[in-house]
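Two complexes, one shared chain (chain A), two partners (chain B, chain C).
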Partner chain A sequence: MNTRWDLILLPSFVIIGILIVASQFIFLEGSFYKDLGLGRTGTDLQLTNYIRFFTDSFYLNTLWITVKTSGLATIFTLLLGFPVAYLIARMRSRWSMLLLAGIVVATFVTIVIKVFGLIIIFSADGLINKVLMGIGIVETPYTIIGNQTGVVVGLMHFTLGFGVLLLYSVIQTIPRSYEEAAQIHGASRWRMHYRVLLPLSLPGLTVGALMIFNMSMGAFTSAALLGGGRVFTLPVLIQRTVMMEVKYSMAGTLSAVLLVTVLLINLFSIILIRRLRSARLVIA
Partner chain B sequence: MKHRLKLNRGLLGAAVLTLGVAFATSSTAGEFDGVTLKVATWGGSWKKNIETKIVPKFEAMGGQIEFVTGSPQSNLAKLIAARGKAPFDVMEVLDAQQKDFFVTNDFIQKIDTASMPNKQYLEDWQYNDWRIASWHTQESICYNRDKFKELGLPDPITYNDLSHPKLAGRLSIPDITSGGGLANVGAMAHAAGGNEANIGPGLEMIKRLNALKFWSRGGEVVTQLQSGDVYAAVVHSGWCVRARNAGANVMTAHPKIGSKVGVHKHGWLVIMKSSENVKAANWFLNEYNDADFQLEYARNSGVVPVNSKAISMLKSDPVLAEMLQLDPELIANELRVDYSKADISDWNDKWNRSVSGQ
Partner chain C sequence: MSGVKINNVVKRFGDFTALHELNLEIQEGEFLSLLGPSGCGKTTTLRLIAGFIQPTQGSIILGDQDVTQVAPQHREIGMVFQDYALFPHMTIADNIGFGLRERGYPKEQIRARVGDLLDLIRLAEVGERYPAEVSGGQQQRIAVARAVAYPPKVLLMDEPLGALDLKLRETMQVELRRIQQELKITTVYVTHDQTEAMNMSDRIVVMNTGRIEQIGSAEGIYDDPRTRFVADFVGQINLLDAEVTGADGDFLIAETLGSQVRVPKGEGECSGKVSIAVRPEHLQLVDTSSSDNALNVISGKLSGRTFAGNLTRLFVDVGAESPIVVEARPQDAPSEIGVSINIGWKVENSRVLTE
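And now, the complex of A and B:
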């Protein structure tokens, strides 16, 4: 008797379909109607909201800030996370497991608590400002609230633990013997990293970067708390539009634009990496 | 013998008293048997005040109260999502929502003011067939006295006094989406020479004030004042009272706006059109305006009672008497934003573009 193993997947597909696809569809469909106020929408299909989005510099700037802060957060998370992940992956002592466990536990901490921690240490009388002012780097307290730098820091805080875990698993798949072989043949440590480790980890690094970027694009809490009501990313604007202004159609449009932007950036990134890799193979 | 007579009289008195109490309670006990009254209000201390004072009374009469917590804006969204069939019987509404609720009265039903003896302590304009006042807040400037002294700054009198360079990056101003956002944007528009139909000058002034943060929850302001991150905040006096109680040496300044002093934000109670618990809902509205409850509410949350008896009683509280305007003449002279002239959607749009600079 042939067992239909694929049927096992059916419940998962149904649940995903209802929870994700259907709810997204409702918003996407709603984006094609006009807001009539008090949460009511018109009945005629139209592109008014999309036209408004793409002809209004406020919305375009919001999209740009969302992409920019997410992109910067991704780059800095990778720069900070890669060495940490590499060190833990290559450690031979029992400390590696302890460090890894610490990172896993840190990812469990709710982002609200993490962000408030940041706000406290960056407050006027907080640790960072005391140190910076103590050694004379700044004269007045530096704040991360209400500016894009703060939002980038918040997004990094949100994604760093996840990023390190992801990169750790990528580096673990690269045999240590490759690095040793490169060094035996005279490659310096830097050259070994650049010519051996980086190319081999590039596929994983790309996937990791995209995941961190996607998480950042959709992150609300860090951007809302550290943006201080002054930096509007798309998730922040969506929340305001839904909860405060009760404009469901416009919020649907903003969600649709966010979703399509993320999909396009992912698609172009994958195409670009593939082309780069095939070009590299031809050269090699 | 005399002792025995006294004892008998005592026993008789106790029996009469017991019977009296039993008779009195029998007329109310069980009046709301099986009734579940759903009340849409804020969470936190607002809800807790009701739980402490009103819920036990209602339960003693056989009913129970459930809460749907959220801001009036989000409760309005729930109401709309339910297509008018509100998932609650009673709702707290802000004066800023008057266009949503009181132009057509589509969402609400008439209240029975005849069954509300506590209305005698309200002013005439504070109740009508559709709504009854619940509290008011005084939107003020909450400033740190120590820091102002340290910087050599005089106590603020107007919003403009906050534009001093020494206060740059040390102010907290309400986000337009926060509880006091609309009232303060409207007030600042007036202070800067604009009005409800033209908030531009107010937004320009807000930009000029160079705030550290636009707060969305009052609790944030208390934390910021305590930590020393901000030296002054535009916030309702109740939060300033809480900051004082939390240890910050803060004081309220009721901003002078033309001939007006202070900014008045009003809360209303309404009964939803779809409510079937009308009697219980009217009972709740009356209890909300009971002097004891209003007094407790004011002490815990720093809101100003609408019950005149409670306002008089509040004057004996040294902190509240110092930080709130409790004289009826002063209250009457507070600026009230006329939301019938305001396009809130336009306000939100202009705010987003102005404060973000995007």
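And now, the complex of A and C:
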């Protein structure tokens, strides 16, 4: 009989199971008990919390803000990250590795430090407001702290590094000769991007977009710090519900809604890409 | 369609000079090959004509227009890439029609032209398929069709047969030459394969370390190499170190490995240390060990032999650094390694090289 070497994997499976699945399960199960406040929960399973979520405009609005800010952050991160990633991927000099290393390092600096940097730059007497007021574009200090713009900027700050790295690896897989072939046969740079580079990077771009979106949906620190207690996204609200209101079941419900929303959006996107692919609109 | 003129072009990448003062004129309708080892500057020259890189110095003229500052998409050039670079997300018909569409041709006209081109490359039935669904040889022909769709002023090809196996490569050489002749299109072809260059080209430019070594027809370059590099790179050749000791009319008298030999005078002055070049097929086994006015003879020992079917290659140790290669008919070749033999060649079949 063969030695079952794969049994070695069993302990790690168990540990992962406890850490990830079981902890999620406790929350999901808890979400079905009525929340009596102050950490107390009801004894029988019911949908009270879910009914409350979907009938209370505050909760629905929070879900909408979470999806909206994450979606906007994803779009702007891709728009901003693509040119940077393209430039680095097509560089021939040693600088490309240095720039890439810089992005990696910057990406793994804790978001708290980065967001505080943002707060300082955008503060009323910070660099940006001094310049804007100095040249007379705004009269009163412009702030991004405590509004949705700020949250979007914060999420972008959080995901941009990952975005550039992801897009870099996508562009790297597209041979430069495709670009040259498009150019020499009459396509301008813009047309080359539109007809060759973009369609070829679309599958990778979609996966990258989903990753950035998922990161944004779950982001707590940047949303909490830049939301300044005035903008609530689901992760911020969950933390508040657990820590300040001590409503465990309601927090469980919020978590469940966040989880299912993210899963559904991903599932929908993947099905859409499959459809496009089978219609040969996208090749990968 | 038009010719190409490369005027005094220098190309440097940082400290590295890829091309030194290159001057080259490509005639209208000509098939010209740039031949040389990797790093000789042939691909750089091609990319300069395409406009993917700009010369550090000098100018490039297409027809009667200076295109040095013109972007690739406005140069009206067609190009076949080493990896073909067919767009994987477009059908073969869309690939071929790419240049026409980018230049705003009406749909009907594009369809008609693509049909003609598919006929030209003898692949009429594959138009609706994708590049990944056809063979390497077919992709190659499709890449050519795409490159000539919008009749380009010049067709550039960058080692287009490198990825194919030997048999297919030979078929494709004939095919490419046929297409080029049919369209009478000015073609610049980059290769490191001398047989490929000789099979297809009107003229061959042999390049080495960023300089042109020699320009000429296949015969001219093979029969009359100007430099040791060309002699060595194009075909097989034996190079013997020799010292010029005198002259006799149209011939030079030189001493090599202790024997006196005669060689036709080359162009220009010639004295001191030279190389004498003889092709293996011009060497023969002779009975006598003495030279006369028409035949040079040196003696050596047979150090090895390889059988190549139609001929046998003999390696003869004559006391030089590398053995002399002789191509003999298999039935004439001695089989005993170590036996003393005399090899001779007709005076007019040898060349003297100074560079």
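Assorted remarks:
One rule holds for everything that comes next: the second predicted complex is superposed on the first by the 266 of 284 C-alpha atoms of A that agree within 3 Å, B and C clash if a C-alpha of one lies under 4 Å from a C-alpha of the other, contacts with A are read in each partner's own complex, and residues count from 1 in each chain.
Operating definition for what follows: a contact is a pair of C-beta atoms (placed from the backbone, for glycine too) under 8 Å apart; a residue touches a chain by one contact, two chains touch by 3 or more.
Keep in mind it's a predicted model, so treat the numbers as computed, not measured.
Touching more residues of chain A than its counterpart among chain B and chain C is B.
When the two structures are aligned on the shared chain, A:Pro199 is found in touch with chain C, with no touch to chain B.
Once the two complexes are overlaid on the shared chain, A:Val105 sits clear of chain B and of chain C alike.
Within the superposed three-chain model, A:Gly39 lies in touch with chain B and out of touch with chain C [touch as defined at top].
In the superposed model, A:Ile51 makes contact with neither chain B nor chain C. Within the superposed three-chain model, A:Val246 lies in touch with chain B and out of touch with chain C [touch as defined at top]. Residue overlap on chain A between its contacts with chain B in one complex and with chain C in the other: absent. For chain A in complex with chain C, the touching residues are 175, 177-178, 180-188, 191, 195-196, 199-200, 282-283. Every residue of chain B that touches chain A in the complex is listed here, in rising order: 73-74, 76-77, 80-81, 100, 169, 175, 177, 211-216, 227-229, 345, 348, 352-353, 355-358. Taken together, the chain C residues at the contact with chain A in this complex read 50-52, 71-73, 75, 77-79, 81-83, 85-89, 98-99, 102-103, 130, 146-147, 149-150, 156. Interface residues of chain A facing chain B in the complex, by the touch rule stated above, are 37-40, 57-58, 61-62, 65, 120, 123-125, 140, 143, 145-146, 224, 228-232, 237, 240, 242-247.
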